[in-house]
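For reference, the structures are reproduced in the following blocks.
One chain, subunit A, links the two complexes that follow: it is found with subunit B in the first and with subunit C in the second.
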Partner chain A sequence: MVTLVIKRIGFMIFTMIIVSLILFLLLETELTGDPAARVLGQFSNEEQRELWREQHGYNQPVMVRYVKWLGNFATGDLGESIRFKGPVADVMLPRLWNTAILGFWTFAIMIPLSLTLGVLSGMREGSMLDRSISVFGILTTSVPEFASAVFFSALFVFGLKWLPGTSSMSGGFEFRQLILPVMVLVVYDFGYVARMTRASMAEVMTSQYIRTAVLKGLPYKSVIVKHALRNALIAPFTVIMLQINWLLSGVIVVEFFFAYKGFGALILEASLNNDIALLEACAMVAVFVAVATQTLADIGYTFLNPRIRFS
Partner chain B sequence: MKEIETTHPAIHDFKVDMDKGRITRRQFLRYATLLGMSVAGASQMAGFTWPKKAFAAQKRGGVLKFGMLIQEMADPGTYSWTEKSVVARHIVEYLVETGPDNITRPYLAESWEASDDLKSWTFNLRKGVKWSNGDDFNADDVVFNFTRWLDPKTGSSNLGLFDAMLEETGEKDAKGNPVKRMIKNAVQKVDNHTVRLNLKSPVLSIPENLYNYPTAIVHRNFEKDGGDLSKNPVGTGPYTLSEFRVGELAVLKKRKEPYWGGEVFLDEIRFVDLGQDAGAYLAAIASKQVDGIFALDLTTLEAAKNIPGINVSDIPSTQTGVIRMKVTEKPFTDIRVRKALQKTCDAKRQLDIAHRGLGIVAEHHHVAKIHPEYFALPAFKQDIAGAKKLLAEAGYPNGIELTCNVGNTDGVWEQDSVAVLKEDAAKAGINIKMNVMPTAQYWDVWTKAPLSLTTWTHRPLAVMVLGLAYRTGVPWNESSYANPEWDAALTEAESTLDVEKRRAKMEKVEKILQDDAVMIQPFFRSVFTAVRDNVVGFEMHPTRYFRFHKVSLA
Partner chain C sequence: MNDDQAPVLICKDLSISYYTRAGEIPAVVDFSLTVLPGETIGIVGESGCGKSTVAMAIMQYMGANGGIKSGSITFKDRDLNQMSESELRRIRGSEIAMIYQEPFASLNPSLKISTQLMEVPLAHEKISTEEARQRALQMLSDVKLPDPERIMDSYPHQLSGGQQQRVVIAMGLLSNPSLLLLDEPTTALDVTVEAGIVKLVADISKKFGTSQIYISHNLGLILETCDRVFVMYSGEVVEEGTIDSLFTWPRHPYTHGLFACIPLPTADKNAAPLKPIRGQLPLPFERPQGCYYHPRCDHFKPGLCDQEHISMAHVEGSAADHRVRCLRYNEIDHHLQTPDGEVKKALELGEQVLEVDHMKKYYEVRDTSLRALISGKRVRYVKANEELNFSAREGETVAIVGESGCGKSTFAKVLMGLEKGTDGEVRHRDKDLSDIAVRDRSAKQIGSLQMVFQNPFDTLNPSHSIGGQISRVIKKFGVEKDKKKIFDRVMTLLDTVKLPRDFYFRKPRQLSGGQKQRIGIARAFAGNPSMVIADEPVSALDVSVAAAVTELLMDIQREQKTTLLFISHDLSVVRYLSDRIVVMYLGHILERGTTEQIFTPPYSPYTEALLSAVPIADPEVTKREIVLEGNLPSAMNPPKGCPFCTRCHRRIGDICDNEPPPEQVVVDRHVIKCHIPLEELKKVEPVIHVPDESERLHARH
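For the complex of A and B:
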């Protein structure tokens, strides 16, 4: 197991280096266009661009610049944000924290809800409950976030007047402002996890060891809790781990709609403002979280499933 | 308030014009106050009674929350977004104030006088005004600001407004335009509280220019102290900046010292950035998260009108979208191509479709019917056959492909306006490809792109915006238009006091600009905003130069 963890972490670092190289080549070299033009605008003249390249060390060889760039990154020097006029770290960390809060509450509600409904559904495949949950899950998952955000706003903000319309938290943290974004995310995501859980549970319920347990007279509750659940939750575990990654960078729509000052909105702002340093840092963080959650999922999957072993 | 004992001789001529019906009473008030007469004196002369503003009794205290984009606001002299000035306006102040009624009133200058030839303007500064760092406000501050604005290195758009204080150095810039510098002694300190502007040619609009949003007066040590208002918010205004985060929040707190301008009601003003989604602003005001918003988008206008507790304000303005052609970039170096594109425009259709008919039809010269100096040229009509002919003469008998950038900086109506032009232009064989850009990115290219739609805010006098946008070599001349004949015509119009003669001179200004086909400018649009009914004393300003000194909460 220790070897597996070390190998996985090593693979994670290797992936990060490859990604950083791709990111560097995309944003910092002329492979996909002139970085000076990206910062100064497509109609800037060559004189202005050359001055900018000189000032920012862009006339050095690519590998020298990459090593320097990577070194700065590794030592926490993420550069200065053009839009926010300050160090990237100072801008990014509070935004990451805000998205972590949003993600925490989304998970705190979505996971128990989707697992419970998925298990209930999978336990009695084809029943009315199963069909209802499945139809409801498919329905909510197929409605895009921007549509459900409009629908919930119309209902709870303009119609019933129960909830605040935006979530900028400008006066400090207020849980009421979190309700609508969390609601949209939960509704969008729970159906997917519930369906995965259902499928996994349904498969387990038809396996021979469950049939044996039932036939040998074990109480049904005991069969479910002690024998079925552990195996049924392996697949949803991986899916849930992947949702962390989705939550970090996939919440752009929700954060934009509700003016929530999170990491997803920050990525959008960095892109729209050609804020290269901020965009690089955000992308690296998003990739790190993606790779880290994948690694954790792999390790956890192996831990949960003794049939999978790596030597 | 000090009254001016003597009046400019031209005021009497204006009075005659008003009595003969050549100008309205309001226009008389505008001109008389520009020439230094007090509003009270001018009103009395015009027999004009101001309607009493029936505000409910105003309470002290409270926090006003206002939804608006929060951008960096380091240097007031180089601002290019009105929003920045709305926050800064409560910290730093202007020499004069042009109100929602377009009348210019004293502010940091308590009075001013113009010489008979309008070449010398003397501003008497208010005494007893203190900066928030304890220093006295005086003439050195004003001299410092003018010197700074008129130094091309500062990059202030004010260069275009105060051209009469500039001279050519004999050098040319990279674009071949003459490099200018401030004429020695153009701004003169007469004594500690008197400043004189000495112009090379007469300009009537000097006081109104001094409320253009990048003309806020900063402390004389602004640059020595770092040159960043958001980090060192020294001002003469009633508020100070207590919290500031770009893209999130700006919090202004009432200063402890008494304000020279009288009572200020609000304890705190919180500007909250709700992003660029118009729906978020509507949701925030509907759910009482904010008390007002900077702008109401056309897409949310009708919804806002139907929400109880929200007061929607609208005002005709000279805000506009200018689809300008860069005359130094191909194919627009050929006037026939520019004229052809201009001829395809159906301005009325543009206004009806892109702005739901809410505005005034324009005539491609950036002077509006509501500008006092407007001269009515013959109606400009769509001429597809003429456009085709010109295009063929220019060497494009089979049509031409163009790309038009649009940033929707003031709303999606901009994109709609380009879309309508695209449809009309297609009839003449001009195929316009729309390049819809993110707002922030648009401002990177607005002075560089060959063809693009830029929004221009309201200016009370046409000569102000014309000087800013089309005079040769000025920073905001996005079309790179350079026509010495037109420059001279504008300077003449600026310096003519007689209303009839001034209008006659504007005919030349409008005609040359329209004939040179620098722009397609189909309409001037009305502007809208919304505040909740608990906001007392709020007045809509056509330029959205909001100032909450006299606003309170119910």
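For the complex of A and C:
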């Protein structure tokens, strides 16, 4: 187990280094065009660009620059954002925090809801409940976020006038502003996780060891809780871990729609404005989260599944 | 078995149906059964005959679409059909317990054995966890598992198949049930392991007085375990009686047919070929009028057998309650029927085709744990094949027998070029093939060395037609080029494997298991092979189907003078069809010789144990009982000396543990690897004793 954790973490660091190298080659070298031109804009002249390169150390050999760049990153010096005129860390951290809040509430509602309903429908395959959940799940998952965002806004903001239409939190954090984005995300993602859970649970319920448990004369509750659940949750667990990445950088549409100042929107802004330092930092954070969740998923998976743990 | 004791279970006029979109499918009809305390009942029949359905009905676990249509199941004066879910729960696991076919699938993979065992008494009795634990430990040692503490702390995947089945049996016995249902409990296990489980099951009924219903397709196993036997065919019982009565004087033509399908230790492929039952088991909704068996019966009388549904009748003159569902049982004289004098000519052996010369196959295993990294032992070897030496001639059938993990499939892989040999040579027609991977072999080489696989269900591509799949093989091997000729060749092959020609256009899903295996054989013979490797070709098939496929294989071999390498764990089939036998254990050949030499002393001690483990469906044949203790050692860490020393019943001392045994030549090609001097081995009594024809109660077959 310890070996596994060490190995996974080692692998994680290795992945991060590879990604950072790719990132560096793409953004900081001549491979994809002159970085100076990218920063100073297309109307700058060669003299200005040369001056900029000199100032920022771009005339040093590539490997030296990479090592320095990596060193700065590792020590927390993320550079200056041109777009926001300030240190990258100061721009990025509040955005990360906002996304964390959004993600937390989405998860807090979506996970218990989809797991419970998925397990319930998987328990009795083909029942009324199962079929309604399946239909509802397909329906909500196939409606894209921008459509459901429009629909919910029309209903709750303009129709019923219950909720604010934007979530910019300009007057400080307000929970009411969080409801609509969370609702859109939960509705979109719920069907996916619930259907995964349902499929996994249904498979477990037809397995022979469940038959053994029933024919041992165990109470139904014990058959489900003790014998079925743990095995049924192995597959959805991986899926749930993958949702974290999606919430971090994949919910740009929702963030833009509700003017929510989240991380996904920040990445988009950074790339639209050629804000290289900010883009690099954001990309590294996104990659880190992706690799970390996968590592966690792998370790958690091993923990849930003794067949892997002891082989 | 005391007759005045109240029966444990009575099934009366039971009919069970499944309800599907196509309508009602009767799975079991008119089934009656009485189980007395301490009695073991056997239910035997081929797949689809409804034997497992009966067990599930007794458990009242029919799934969503199954139901008991009529009749009653009375367990200790209580009608199980009328019970509520909670009443059933109190009976399941405590008074009626069940043991399943696949022990691995029936244990929860993510719970420890201790949890799975202890919950049984905890659910049914008011006892403390500590008491439940003690009881589980006691039961584990009762089912003869070594080191119960360690087993308790293990997960199912850490145990071997035999150990898992013992755990399941222990689980069934924990609450001391009055009735134990065993649904093919040994089908997934090796012969020697099977022998141990069978002995355990027999001991249990003695020790705990548990009544048992033992479901199996293997008549030999039923003979060894049961008191009374029920033979089922297409959803109904066709014959029932005590073991002695039914096995000595079978009355129903189907029972006779079944016996004719199993190779007996006296039988030989040339003198008395197997007689498969013609036709196929009817599907439940295609059952014929009158006797369900009549379309396949040799004694069918039109106007009598195909009229009304036939009921069970007491066999006149039988002392025990022997009953049969046949109108003509009295008229049929089975003695006159057999033998019909069919004798097939033995094939003359030609030149040497295959020579295996000191072949070795090691697999490298890389250990990635930290400990291995530190100690420097990163690469370890699995010695799958160690010093294999044997040869095969043209037209000869050589069988390789041994338990799973003995390396017999590894050898097949090296021969086929799917793996490369580590050392030594495998010469096919004087050319060493052990180093040439299959993709480097010429089409002719591949075509002349073909394989028939164990599981016909997975080996055919489900989305191509049968004809397409065989044509492709013919084209690839360059046997024929012209389209018309290829088509003709496929037709000839279909004729050879005795399938209708219109199967050319069928898809695999439209075929039964036996038909698929015939296609597998046709495919293997498409390239005119000089040698065919058959890896357990009939072990996934039913008795009567297996007999037909075995005979087919033999006929084609006779015709084409093919060398057949037959890989199997079933010694009775091996005895029946092979000329020479190679006995393997843990990668070593422990004995090799002709069939006659292997089956008579001197034996290697392992051969002796294997022979003892074969269930024989003949009550007059007696066997010496040798039950092997323990598990097969890991091939990663084999014993230093003789590979068999950890389980050997004839171990003579430290020499067995420390020195590899020498090869002792008995006569020409009969070789035994053992430390025991040949003189000693020659004194060993034969394991199987077959009475002379004159001593027999009746002459069979």
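Heads up, the rule we're going with is that the second predicted complex is superposed on the first by the 302 of 311 C-alpha atoms of A that agree within 3 Å, B and C clash if a C-alpha of one lies under 4 Å from a C-alpha of the other, contacts with A are read in each partner's own complex, and residues count from 1 in each chain.
One rule holds in what follows: a contact is a pair of C-beta atoms (placed from the backbone, for glycine too) under 8 Å apart; a residue touches a chain by one contact, two chains touch by 3 or more.
These numbers come from a predicted model, not from an experiment.
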item: Three-chain arrangement built on subunit A, subunit B and subunit C clash or fit; value: fit
item: Contacts of A:239 with subunit B and subunit C, given as first, second, both or neither; value: neither
item: Touched partner set for A:109, first subunit B, second subunit C, both or neither; value: neither
item: Subunit B versus subunit C as contact partner of A:261, first or second or both or neither; value: first
item: Which superposed partner A:12 touches (first subunit B, second subunit C, both, neither); value: neither
item: First, second, both or neither for A:212, with subunit B first and subunit C second; value: second
item: Touching partner for A:3 - first (subunit B), second (subunit C), both, neither; value: second
item: Contacts of A:306 with subunit B and subunit C, given as first, second, both or neither; value: second
item: Touched partner set for A:269, first subunit B, second subunit C, both or neither; value: first
item: Shortest CA-CA distance between subunit B and subunit C [superposed frame, angstrom]; value: 49
item: Partner subunit A, residues of subunit B touching it in the complex; value: 65, 72, 74, 174, 246-249, 270, 272-275, 277, 279-280, 282-284, 286-289, 307, 438-441, 444-445, 448-449
item: Subunit C partner contacts - residues on subunit A that touch it in the complex; value: 2-3, 6, 126, 207-209, 211-220, 222, 226-227, 230-231, 304-307, 310-311
item: Residue ranges of subunit A touching subunit B (in the complex, touch as defined); value: 40-45, 47, 83-85, 150, 153, 157-158, 161, 163-166, 168, 170-171, 256-259, 261, 265, 269, 271-274
item: Footprint of subunit A on subunit C - complex, ascending; value: 59, 61, 64, 85, 88-94, 97-98, 100, 102, 105-111, 115, 119-120, 123-124, 155, 157-158, 168, 171, 368-370
